[in-house]
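Following: one structure in structure tokens, then a few remarks.
Naming follows writing order (A, B, C and D), and every chain is counted from residue 1.
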Amino acid sequence: MHTLTDPYMQLLGLETRLVEPGRAVVAAQVRPEHLNIHGACHGGFLYSLADAAFALASNSHGTAAVALTTQMQYFKAVQAGEHLEAHALEEHLGRRTATYRIEVRSNGRVVALFTGTVFRFAEG
Amino acid sequence: MHTLTDPYMQLLGLETRLVEPGRAVVAAQVRPEHLNIHGACHGGFLYSLADAAFALASNSHGTAAVALTTQMQYFKAVQAGEHLEAHALEEHLGRRTATYRIEVRSNGRVVALFTGTVFRFAEG
Amino acid sequence: MHTLTDPYMQLLGLETRLVEPGRAVVAAQVRPEHLNIHGACHGGFLYSLADAAFALASNSHGTAAVALTTQMQYFKAVQAGEHLEAHALEEHLGRRTATYRIEVRSNGRVVALFTGTVFRFAEG
Amino acid sequence: MHTLTDPYMQLLGLETRLVEPGRAVVAAQVRPEHLNIHGACHGGFLYSLADAAFALASNSHGTAAVALTTQMQYFKAVQAGEHLEAHALEEHLGRRTATYRIEVRSNGRVVALFTGTVFRFAEG
């Protein structure tokens, strides 16, 4: 069984839409409490949305996986009210590490790109 | 005058401790609502803490700065109750871009390392 | 006219196969002088191959572009004799910055993944 | 005993100055064959210099280490004739992974910053 949410996702209003082996989709609407000092969506919120999809996708094979390194590219400012989706895909699945690409989309357009690598713990 | 908080920082319980030209310190305690599916502090929370210090430091010169790319290295799992501090230092200040190093520390130990580059808008 | 090679590409034996607006392909064979202390292809060589494709693709629009930040993910060791191709695609084209994804492939398999962001100079 | 050079370092003219547990320094002079299409030092050469120091530092503990992910920040264009040094320091040493910071310096100034994470193989 996959875990589909956690306390941090609930705090931010992040909702799991899909989890399959190596894939996940997480969605959220940008609310006033997600804004930064410039009045736009906070980069930490966009990252957290992508990171949630990353965690679900990388833990979808039944082996516990923890993040080692991540990167985020911000393409476009996001405003309050926008509906966002983070789509995670597996770039590479190795025995002890794996890498994922997560697109953060608004209205079908990629507004930020996340790449993350996990360490996979050995099974039983 | 520097803006010392924003709605997203308030949602997460992040507190600004210091802002100086090119530097910032943001602090937080890890609470139950910051935990992930493994019961440890969520990577998105650690990133958001670092990102808040990054935003304050990179906007500390009076020129608006927005994140272009960031990287995060996770060294150690963080548990509920830990007191964290994110310390941002300027690695490089150019005319149109600048780069910052942010250490996330717990009990003086670096638990995660963030590197971020901003685009700096031209002044009036 | 696009410049299709430079002294560093010649030193490493890198050959341009394609340059189109926002795209480039560079190829090379791994030779004994490209190996590292483990006897496999040096990570710096794989990066240089990807970086050459990144430079060609990001300079393909007639605006001079210079690298700001890059990331590299290594998936699989590469051996002497392998034929490699680096395929660069544009992830995002903005006015002053742009981001590219470069896959390093051997026999159709992605052995390393490069992501890079450039600063674009204003035109005349 | 540490291996202090390899074929790729020799091709590029990279010279090891220091290897200690968790540390390394590699030096090079920028020559005409290291230049890019803009007539400045190629980003792949700067990366390769940093990567050589990264490899030496991460393999300095007697456990074989291979690169998983790396990042590079370019701060300043480098010209032919400049003398460069890459200084590698250990940010974090874990059982199965470790992270290094490598500064590329010219005349004492940091011209590029590299961060890299390795996977460490288990010992006999």
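Just so it is clear, contacts are C-beta pairs under 8 Å (C-beta built on N, C-alpha and C of every residue); 3 or more make two chains touch, one makes a residue touch a chain.
This one's a predicted model, so the numbers in the text were calculated from it and none came from an experiment.
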Greatest separation from chain C - chain, by CA centre: B
Centre distance in Å when chain A and chain B are each reduced to the mean of their C-alpha atoms: 19
Length of the line joining the C-alpha centres of chain B and chain D, rounded to whole Å: 27
Shared interface positions of chain A, touching two or more other chains: 68-69, 71, 73, 117
Overall pattern in which the protein chains touch one another (line/ring/star/complete/other): complete
Chain A - residues contacting chain C, complex: 71, 73, 75, 91-92, 94, 99, 110, 113, 115, 117
Residue ranges of chain B touching chain A (in the complex, touch as defined): 3, 6-8, 10-12, 32-38, 42-45, 47-49, 51-52, 55, 59, 64, 66-74, 77
Residues of chain D that touch chain A when the two form their complex: 68-69, 71, 96-97, 117, 119
